[in-house]
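Here's the structure we're looking at; comments come further down.
Letters A, B, C and D name the chains as they come in the text, with residue numbers starting at 1 for each one.
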Amino acid sequence: MNGLHGIIFSYEKRNNLRELTEIRSAASIPFGGRYRAVDFALSNLVNAGVTDVGVVLHGRYQSMLDHLGTGKVWDLSRKRGGLRVLPPFNYQKDWGAMPFRGKIEALSGVRSYLNTIRQDYVALMDGDLVVNLPMAEIFEEHLKSGADITVVCGDDSFATEDGTYYEKDESGRITEVLYNLHSPRGYRGLEVYILSTELLKELVDDCTAKDQYSWRRDVLRAQREKRNLHCYVWGGFAAQIRSVQEYYDRSMQLLDPEIRAELFTPERPIRAKGADKSSTYVGAEGRCVNSLVAEGCRIEGTVENSILFPGVVVEEGAVIRNCVLFKETTVRRNARLSYIIADKNVEILADRTLMGHSTYPIVLAKSSKV
Amino acid sequence: MKKECVAMLLAGGQGSRLYVLTGEMAKPAVPFGGKYRIIDFPLSNCSNSGIDTVGVLTQYRPLELNSYIGSGQPWDLDGSTGGVHILPPYMDSKGGTWYKGTANAIYQNIGFVDYYEPDYVVILSGDHIYKMDYSKMVARHKESGAACTISVMEVPWEEAPRFGIMSVNEDDMITEFAEKPKAPKSNLASMGIYVFSWKTLRQYLTEDEADPTSENDFGKNVIPAMLENGEKMAAYRFAGYWKDVGTLESLWDANMDMLSPESGLDLHDESWPVYARSVNAPPTFLGTGSRVAHSAFNRGSILDGDVQNSVLASNVRVGKGARISYSVLLPGTVVEENAVVEYAILGEDCRIGVGCRVGGAPEDTAPSPWGLTVLAPHCRLPDGKQVRPGIMLDRNGEEVSK
Amino acid sequence: MNGLHGIIFSYEKRNNLRELTEIRSAASIPFGGRYRAVDFALSNLVNAGVTDVGVVLHGRYQSMLDHLGTGKVWDLSRKRGGLRVLPPFNYQKDWGAMPFRGKIEALSGVRSYLNTIRQDYVALMDGDLVVNLPMAEIFEEHLKSGADITVVCGDDSFATEDGTYYEKDESGRITEVLYNLHSPRGYRGLEVYILSTELLKELVDDCTAKDQYSWRRDVLRAQREKRNLHCYVWGGFAAQIRSVQEYYDRSMQLLDPEIRAELFTPERPIRAKGADKSSTYVGAEGRCVNSLVAEGCRIEGTVENSILFPGVVVEEGAVIRNCVLFKETTVRRNARLSYIIADKNVEILADRTLMGHSTYPIVLAKSSKV
Amino acid sequence: MKKECVAMLLAGGQGSRLYVLTGEMAKPAVPFGGKYRIIDFPLSNCSNSGIDTVGVLTQYRPLELNSYIGSGQPWDLDGSTGGVHILPPYMDSKGGTWYKGTANAIYQNIGFVDYYEPDYVVILSGDHIYKMDYSKMVARHKESGAACTISVMEVPWEEAPRFGIMSVNEDDMITEFAEKPKAPKSNLASMGIYVFSWKTLRQYLTEDEADPTSENDFGKNVIPAMLENGEKMAAYRFAGYWKDVGTLESLWDANMDMLSPESGLDLHDESWPVYARSVNAPPTFLGTGSRVAHSAFNRGSILDGDVQNSVLASNVRVGKGARISYSVLLPGTVVEENAVVEYAILGEDCRIGVGCRVGGAPEDTAPSPWGLTVLAPHCRLPDGKQVRPGIMLDRNGEEVSK
């Protein structure tokens, strides 16, 4: 399985995440109690035996750099190959801080890196996709199908903002590529693609020469008849995180044991950085049910239907319902929270009450004191 | 590569008083507190005290310990000079010998210590739970001009006969040492943590080795010899939490202590973190019908039952209707539905079948004699099985005596 | 010695290095046969027991990121403290890609990082300074002198482009701060400073509030009477690399055994990344004298008065005189080079002759084929 | 954590035929080729062959080897699953035994191998210099359906009696094995590199251990037993450079080989890098009066003399007027002005005083018997000292016999 190379895109382009992406890119958003979104793409690749991964960065990527380090967590700290972080200034000379207009433009910016890829095939993934794909199997199917490009699609009821949708024939060949749909139909594209390294370079060069920058418009849609585009349908959990609402709804789905079992299957473990925290302690009067709780928390109050990241403190009498609390959130005595997403290091003072709604969860910005 | 101070950690013992828990691993590798292993405490103390060079002396089933310690990265002990090194016995051109005693273990590794040309050597034990700043103890050693400094703590007078007891003068210099004295003259007990000036220790170790009658033990031979020769010996008073977890009961006690901050064992204190190599697993899920109180847990568990006054390690599963109380569950343990576990230590990857009853509370057992119930790692109890208080089972479920 | 924190500046502001900084910042310029310039500042700090170092980046810093990694080479990969890489987008929100106008502005951009410094004192160094300073001793002198700011100065005959020069009284107190000098006089500032963390934050905040951005103008010169500025004079080798000529002259100085002994004293080793290269081989007909030669070279021709980085190949009959050849330079049969600086991976074809002059060494750009 | 293939590296031997060079370190830790240590070759082969789990079996002075291998990072053998592990003998509840033979060393570590549930185990030796893709050998093993595959190479017929010789059929399956046969039936010599199907090997090891008459050695006991039982045994032909560096002469030969690409030992080939833990030192300086030809050197040296046909490790100093030829200088060696060193191996940190004369060329020695001159690490010769060809000195400069 050494024939596959990974490229992960982590750049700002969707901006409905409000305060959550104020200080980070979508790919480094915390998810599921201890992960960053990009942990999923990285683990998906590594679990399929991929040894070389490039991460194309743009925008607020300090937290991403900190998070990735040398890639040791994913065993991508290697003498040959391994993790390659590709910040934007690597591009043509005076690129500056302009965001990319599309994937092609981003790839064109790292064109010389594409030449160094040792593998014959490339998997493209987005850093903000939360999924546990059997990439080895998908790669095998790609090889068998003889497709030019394999497009991985989801098959669940979730729509996503600004999604791409596909129609396919019985053989799996894609017949239509649609976007900007008011009522989505067909298979939701997960923005995961497999194609040969040669073809990728050819597409990037061709498009760049014509000042085309959009992967879905200028490659997938425009060339859907010329190229054999194959649809791989993934029936499991697959969350694209494009808005606060999607973030919240997808997080809450993790309280479903079946979805957890699927996303965290021990066969393909999702690897993440550790936290130097002690065990979580639930006090004698604490109550914590139907919740996903990371290490290092102290729960003396009540927690229901919530997700707690490491080091959250819930003091006596506090009540947390339907919340997602990031690292080091402190909820003081008798405070009451529902439908709240609290970013890192937020403090809720005693006796305060904050309530959002399931259709409009409230985001508390990093380090705020409420 | 000169270092002011090198630590040598005695991790060699089989830990036979932990019985079935150490059947397959060295004592310092035994899990503790839901997240740690015992050796995390001295290693984290070294790291936090600024001691970056640690030798770990071991000869008993070191595989688990070796792979746990690895490069030393979790404890920040992977610098390019120094770091943590496992030191098993080895052969040289004259053949090889196993470590005969604590002093002999250091003696056999004089070459290792000499390599760093240290002024001081800190001797640590691999079976104590405590947080201690060794740099303060070394500072006390330097100031006092002693050849050896022993850390001591006050124990209740009635417990003093169980310890090595130090008598000190007004400067806290040691005047007398009595191993488990019937009539103790002091209540300052040795904690088995020593700082030596390396030159002096090196000489005593060489002399001790040449003495065929010696048991080559620090407490029994080297310390008494130094005292007898009139070496300056300082006591260093320590006041925080400290526990020798060399027995099943004390290991259980220490686990219970971590649930109660008033015990003095605070593992949430960020100024003195206790590091550990962590397991990769998703956060723990507490089900709708779960009831977890006054308990600690770690990653990867799924808790659907009742958990009270217990410490759960990673990847534990507690089924619906199951009840765990006053127990310590080591990693990967599964307690199936409606099983009851009380006052027990369950080894790694144990499985307690549906409706089993393991252990019991002292109050329910009287007047029969009571004791902790202990299951060896990988022990699998069939559904409905009963295990009385005080029983210990090996990995095949056979009863063994404590 | 845990009281000292290090901050290293690596940003584009001097631009006489021609092709040498085309693809990298001055701080990551190769020097001395196997180092990058920044290895010196990092090693100087680490050898003084400094455990926490921040590197303020700007400009073309991909090669710098690659080089620094997690800081493992300098034992700065730590759970607490260690190496912190500070790219520019960490700054106030819409900073973009504008270069800093000065050190104060750079520090102002990482203002929140300054708050996380655990040590009471800070050493500021430039990433393009090649030196082996006894920082522990300088720090001690700083504490003893009672100075507000210690300014480390060189005392050799070298001038540097755009240098800052100091005059001091007998006690070591600085009495004059000069720059833009046509004929330099006084002590040449090495842009190495020690001051308390509190004072640093105060100076940054004060200056920023007044839109002052220049450390030497707005702090050192403007406040030279108000503050106690102390001059520490370093008599040894200290190369600021601001122009190709300086780069060349300073490199050639390394052929002097005394200067090498000083810069590479085993007491304070300069640490650098390793290269997975075999031993260097000099052929039966090869000749190599008065030269500094890294590993993995193959020398079948003649090499005199030159510096060879890892993996340089000099074929039969080729003659290299007074050159600096970066990694993987290949000089084919009978080619003749003198006064040449060849960047990475340059190939000189057979029988070619290239000659610069000691007052105008020629730079061959990376990967060029001549 | 299942692995298809695990490598076990036998690094246990004292290497007594390297005499003074292995007085203070295990044979695999002996420096080679100016930059490497012997063990770099099998470790790099593993890494380049995609084998990421390696057990290193050692019991002789492992300190240097331990700290050299460290976390395995230089060889990319520090993954979170697998990696390189030092495996010393250890004690379990029944006590401990030293490794009795190569097969017993593996036997004692069955637990380590089992942990990875491998299909195949590759057995390697710690004293061979060669570059080999083990994955091709494993592929041959799989294709042939053999229980054991042995790598072999053709040797000149006249040298065959010095080797373990394999007879094979038309499919290169082994039909017969003869240890150092006087009348060899084949010229295919065993290289001491084996691939076993783990299940089969595990069973043979257990049986071998139960046999009190066995020497517990692969070549003497396990392989013959398998052949006798009719197990399928495949030969894997290897054609590149391979040398057992178990003797001073062969170690010297192999060093000389690396100077000549025609020997087949090419260490500059980037497609198969040989990794090493490198020393931190500035580049080497060749002085104005130096003359270095047909020689290799590494970092940190200062060469002012004449160096011909020699291999110099890091941090060597050769003074003005000194002359080195046909010699191997290990790290840190200093040859003072006007000294002459010929046909010698100088151990680490040796010092050859001003005007010394060490060793000599065979042609200058005749008719007296000639031999390599070897100095132990740290041996310091006073100025003007003469050491005749064939002499070996220990670290105190005393003559010892080979």
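The rule is short, and it goes like this: a contact is a pair of C-beta atoms (placed from the backbone, for glycine too) under 8 Å apart; a residue touches a chain by one contact, two chains touch by 3 or more.
The structure displayed is predicted, hence computed values, not measured ones.
Note on interfaces A-D and A-B: more C-beta pairs are in contact across A-B.
Greatest Cα centroid separation from subunit D: this falls to A.
Per-chain Cα centroids separate subunit B from subunit C by 48 Å. The centroid of the Cα atoms in subunit C and the matching centroid in subunit D are 41 Å apart.
Shown for subunit B are the residues in touch with two or more other chains, namely 74, 78, 273, 275.
The set of subunit C residues that touch two or more partner chains comprises 72, 79, 271, 276. Put simply, subunit D touches subunit B in their complex at residues 14, 16, 23, 58-63, 66-67, 70-71, 73, 78, 83, 85-93, 96, 98, 111-112. Across the interface of their complex, subunit A is touched by residues 59-62, 65, 69-70, 72, 79, 85-87, 89-90, 96-97, 276 of subunit C.
For subunit A in complex with subunit D, the touching residues are 2, 73, 75, 77-80, 271. The touching residues of subunit D, when paired with subunit C in their complex, are 33-35, 74, 258-259, 267-268, 273-276, 278, 280-299, 302, 311-312. Looking at the complex, you find that subunit B touches subunit C at residues 47, 50, 74, 76, 78-81, 273, 275.
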